[in-house]
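Next, two complexes with subunit A in common: one pairs it with subunit B, the other with subunit C.
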Partner chain A sequence: MSERPVAGHPIQRLDDDVHQRVRLGVLTVLAGVARADFAHLKATLAVTDGNLGRHLEALERAGHVEITKVIDGRRPRTWVRITRQGRHALRREVEALRELIAGLDGAAEPGD
Partner chain B sequence: MSERPVAGHPIQRLDDDVHQRVRLGVLTVLAGVARADFAHLKATLAVTDGNLGRHLEALERAGHVEITKVIDGRRPRTWVRITRQGRHALRREVEALRELIAGLDGAAEPGD
Partner chain C sequence: MSAVTDRLTAELTLIELGVLRDRNRRRAGALRFTSRALGVLHVATAGWVLLAGRHRVVVVYAPALLVIAVLTALRQRRAARVDGVQAPVTPWLAAAGAALVVAPALSLLGRSLDLPLLEEVGPTLAFALAYHLLGWWGRNRALILATAAMPVVSLLAATVTGGDALVAAQFAGSGVLLLLAGLAPDRSHP
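After this line comes the complex of A and B, so read on.
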């Protein structure tokens, strides 16, 4: 192994704001729908209220989602939708992941 | 949006031990080589000594890599290699990521 850097390993283009497991899940679910509610995200991703709430706040702070709280009948409901910026961030993440996976496909598997 | 869980969203099969950005990078680099040294990993992934060191320890604790410290001439050198378990864990991660990306490809992009 030389110590020369391999320019631009795809891992360098992954953004922790998007790559983190629950956040990537939220953006992935939202990419295909106009909006989703908190309960749907929670059930789909199999996470706790607290965990999902924290990651939604982080995604909102980063500008990747918009959160709207409404009263639906008599119960409060939290709607979440992906922003244009969030969609672009997800696209960059997926491009880096594709590149990373393509690099692996070309790698030998010595001694396995 | 209904509250019915979508059974087995691929995000549920991502393991934080492997998915975390630097750890995924380490395993990806190691998958294609017999072993790599600390300096090579650091340069390839563009991370600090401290950050790489912490994630290597976590990967070693999880059984995904083996770390060997040797004296090479007069300087200490840290070699890292992926274990069979680490290779399997990386394969599971990549399978879940492929599925996640495939799901996105099929998703409409309303209003973008």
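After this line comes the complex of A and C, so read on.
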């Protein structure tokens, strides 16, 4: 028997491009700053280079972040900035998560 | 995924995001240079009020605010090369900009209603409220305390003087408080 999500259930509003721990973390860090570099994101989120790189690529493909690579002194540096679309996606995701919790509490109306 | 796992995951994710958001806000709220620069601007504005009168504050304050915003942005850009993260100037600019719109409106309202206290104290309270809300938003305890003291300074000044001297005294008082808030230890990196 296949399970289908209930119409209007918050889980339908979770964005596959965003709904992942590292990606949500990246967007949350970037939403509060003008820009951050790769090393800062890596240290803040405690992830490996490869892991972070893959998630940043996915977020960039989805249009949620802008990535700029520069040469700072003699070393390459990657700056990341959240886009307007990324801010909207983060807001929608957090709202969906809150609705999910409220729905499971049974205290709120579905879709509230 | 079961409902319980769903719920736990969602709650843990929100908690984690909340911690990251708070850390960012503390960083953005702890722009001590901006607080000190605004303090200097308020003290200088006090002198300007005594020279040109309280109805010409915007002429000095607005361009100076832009200069502070540009200087802060340049400093943050330089700091970002070391820290790897650039704090936004926009929350400070938004607070100061909002106060810059509300303050003259309160002054005009006080004048049109013939309420000297509103005209002379209202604008400074607008600045105090704007920076106080910024302090709460940025979890900046020094700024919260400094701005909470501003109305007290205004009321004390109002008991001993009036007119341009009262407005100047308030700007000087709020300037010193902003300077002190800008000199407080940085707690933006827990």
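Methods note: the second predicted complex is superposed on the first by the 100 of 112 C-alpha atoms of A that agree within 3 Å, B and C clash if a C-alpha of one lies under 4 Å from a C-alpha of the other, contacts with A are read in each partner's own complex, and residues count from 1 in each chain.
The definition used in the following text is that a contact is a pair of C-beta atoms (placed from the backbone, for glycine too) under 8 Å apart; a residue touches a chain by one contact, two chains touch by 3 or more.
Since the structure is predicted, the reported quantities are computational estimates derived from the model, not experimental observations.
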item: Partner chain(s) touched by A:R61 [first = subunit B, second = subunit C, both, neither]; value: neither
item: Dominant toucher of subunit A (residue count), subunit B or subunit C; value: B
item: Which superposed partner A:V22 touches (first subunit B, second subunit C, both, neither); value: first
item: Partner chain(s) touched by A:I101 [first = subunit B, second = subunit C, both, neither]; value: both
item: First, second, both or neither for A:R92, with subunit B first and subunit C second; value: neither
item: Which of subunit B and subunit C A:G32 touches, first, second, both or neither; value: both
item: Partner chain in contact with A:D72 - subunit B first, subunit C second, else both or neither; value: second
item: Subunit B/subunit C common contact set on subunit A; value: 11, 21, 24-25, 28-29, 31-37, 39-40, 44, 94, 97-98, 100-101, 104
item: Subunit C residues within the subunit A interface of the complex; value: 3, 6-7, 10-11, 13-14, 16-17, 20-21, 23-25, 27-28, 76, 80-81, 83-89
item: In the complex with subunit A, residue positions of subunit B that touch it; value: 1-6, 9, 11-12, 14, 16, 19, 21-22, 24-25, 28-29, 31-37, 39-40, 43-46, 84, 87, 90, 94, 97-98, 100-101, 103-104, 106-112
item: Touch list for subunit A against partner subunit C, complex; value: 11, 21, 24-25, 28-29, 31-37, 39-40, 44, 72, 94, 97-98, 100-101, 104
